[in-house]
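There are structures below to look over.
One chain, chain A, links the two complexes that follow: it is found with chain B in the first and with chain C in the second.
Up next is the complex of A and B:
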């Protein structure tokens, strides 16, 4: 099955999604927050069984976070990335734990680095950062330079204002 | 898991033993990398596991957003120490996809050959670590000394032994030096002869077979469901390889025969044998690629790399590394730096999540073997 037909089939089922083809074997699906679990469940049953990872993108100018679910089908040999946007000030999204078990660890990672809450995920405790009290560090408004000046007391170099 | 835990705890109390914690890593002889598990133990039986990650967290994804497109090449190999080339190629290929750069054919072949060499160094480390974890140090010393021959070849080609920083957007840094190809073919003959000795030493060794057989088995469906990829997935009998399914570099022209074991059980022994089969296949791929190697330039001109801008867009590239799927998702906003780089490491779902299912069933002495047969590499979870 060609990727174009595949997207058309998905679109028949879910007319409200947006699709975009990146290349022969890669496509993106854009979907809104309250419907994305239906799409993920549908794709999971349609042989898109491998969840490669979950990651977030901070679109600070548009005041939105984008959560990406990176899927791969062992049968059709096609990669689909499902993209969901949520507002930055209300960063909450339902968990995909019921569809893939290992979504748990990816959601925990995204929660730690972006501060996005996954409703229904039982364990979102910090994994990589120790005693972190600052803004979540992968957000675009987190200033790495100011942080290291404060944390490591490096002072200012000669000739630097 | 909880039932088993309480049951064992009861038994332990009856016997007068107590439940105790072991910090398995970051400073432990069985641990590979700067990572740790906190194991709850009863006697020598693991009953629960907690993660102690983040010892190697340097925020690469964030650092990449702060650096130029070309500067990132010095950062990314550090995401996986033993198998650094897949990172470089994944990053370069994604950037080339976004900028619509078609790299010369010879560069694709050179990438294929260096990727396979890097894969071989990592697979040798994988075979050696099984020996190290069982106390058969001869195996480990042999593999590491043989690995050095490959590192010498890398040094000759790229100037670096561990991190090569050899790929660029638009191709590779330089062509093969004179005499390099003859030497690598000689080395492949050496490895082919060595394989028989590896078999005698490692795979026909009753100690290894007894220790690995039946340890932490996984079925193909479970492996797909839990995000296990690469050689570990193939060890369960699933025929899947990114080099064939979603080709990159020159893999659409160089033939790859995926090695699959008949009646693969998916246990630690199957995973260890898979490593050896993959190693043999890498030798064949390098030979085929050198036979088909076309003439021509090794990179296209991209202008001043310090002012390089990649057009707006996003793309994902995945590479079959020696541990599984290594993927880079890159978002560009048209600037001189990437907007967002997301790394998909192959060890993360296994090392941080599958461990919760597998480790509580095994004994302390098998934890290191479990890690080594899954070829878990700590830097790619922390990044």
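Up next is the complex of A and C:
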């Protein structure tokens, strides 16, 4: 099946989504917050059974986070990214744990680096960072340079005014 | 009279030290702590291309038997904790080589939230090798320089660590055991 037909089929099922073909084997689906679990379940049943990763993008000017679910199909050898936008303030999103078990660890990571709450995920404890007390470091409002100067006692560098 | 005895003893001791140092510098076992990109430069140094063994330096797999700790590149906050464990496990006398710009001032990761900037604040470094990354030749020349320093009794990082133990510990604790955020508006 061609990717175009595939997207048309999905669109027939869910008329409210936005789609975009990027390459021959890559497509994006834009969907709003409260419907995305339906799409994910549908895609999983349609042979997109591999969740490669979950990642977030901080659109700070638009005051939104974008959560991305990167799916892969072994049957069609096609990758689809499902993009969900949520408001940035006290960001919350339902977990995808019921669809893929291993979403747990990805959500935990996203929670650690962006501070996004995944409702229904039982374990969002810190994973990579050591004794982290500041804002989650991948958020755009986190000032890494100021942090580095303060935490590692750099002070002024040579050649700086 | 007492003075003379004291002086004699010191002289004998330093002569003894010099002999010991002469032998020490010819038998060095190196623990390579491959944290950053730099590890890729080590195989050619150890093997026949540059062959560090002809200078009496051999690789070692465990800290308890090692004399040199080679830190190859950036150290993150998590790494630095392991690095300190490793360093403290090594028996005296021990030396540390800081490899690459990242150990000197953070290198290209100088403003990263996770890469420490000056490794020298947490463990004592005897010799830095600059470059990103240093070529094998510069590593070899650093090793020869380190041998020279050991022979002259100049490489005293481990004594510095002992004498300034509190200062090093304070820096380590400030980073690893912090209880409050570094920046205002911390806490998620």
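As a convention for this text, the second predicted complex is superposed on the first by the 159 of 161 C-alpha atoms of A that agree within 3 Å, B and C clash if a C-alpha of one lies under 4 Å from a C-alpha of the other, contacts with A are read in each partner's own complex, and residues count from 1 in each chain.
Operating definition for what follows: contacts are C-beta pairs under 8 Å (C-beta built on N, C-alpha and C of every residue); 3 or more make two chains touch, one makes a residue touch a chain.
Quick caveat: nothing in here was measured; it's all calculated off a predicted structure.
Peer 1: According to the stated criteria, A:57 is in contact with first (chain B), second (chain C), both, or neither; which is it?
Peer 2: Once the two structures are laid over each other on A, A:57 reaches chain B alone.
Peer 1: I'd like to know which partner A:150 touches here: chain B for first, chain C for second, both or neither.
Peer 2: Once the two structures are laid over each other on A, A:150 reaches chain C alone.
Peer 1: A:129 contacts which: chain B (first), chain C (second), both, neither?
Peer 2: both
Peer 1: Comparing chain C with chain B, which touches more residues belonging to chain A?
Peer 2: B
Peer 1: Pick one for A:137: touches chain B only (first), chain C only (second), both, or neither.
Peer 2: A:137 sits against chain B and chain C alike.
Peer 1: In the superposed arrangement, does A:102 touch chain B (first), chain C (second), both or neither?
Peer 2: first
Peer 1: For A:77, using the defined touch cut-off, is the partner it touches chain B, chain C, both, or neither? Pick first, second, both or neither.
Peer 2: first
Peer 1: Applying the touch criterion given at the start, work out whether A:23 contacts chain B, chain C, both or neither, answering first, second, both or neither.
Peer 2: First partner only, chain B.
Peer 1: State which residues of chain A lie in both footprints, the one left by chain B and the one left by chain C.
Peer 2: 128-130, 137, 142, 144
Peer 1: Quick check on the complex: what are the chain A residues that touch chain B?
Peer 2: So the residues of chain A in touch with chain B come to 22-23, 25-26, 28, 49-53, 55, 57-58, 68, 70, 74, 77, 79, 81, 100-102, 104-106, 127-130, 137-138, 142, 144.
Peer 1: Taking the complex as given, what residues does chain A use to touch chain C?
Peer 2: Of all residues in chain A, those touching chain C are 115, 128-131, 133-137, 142-148, 150-154, 157.
Peer 1: Would you pull the chain C residues touching chain A in the complex into a rising list?
Peer 2: So the residues of chain C in touch with chain A come to 76-78, 81, 105-106, 110-118, 121, 171, 175-183, 185-188.
Peer 1: Using the touch rule from the top, collect the residues of chain B that touch chain A in their complex.
Peer 2: 51, 53-54, 57, 59, 61-62, 66, 97, 224-227, 229, 238, 240, 245-246, 314-316, 318, 325, 327, 329, 331, 339-340, 342, 344, 348-349, 352-354, 382
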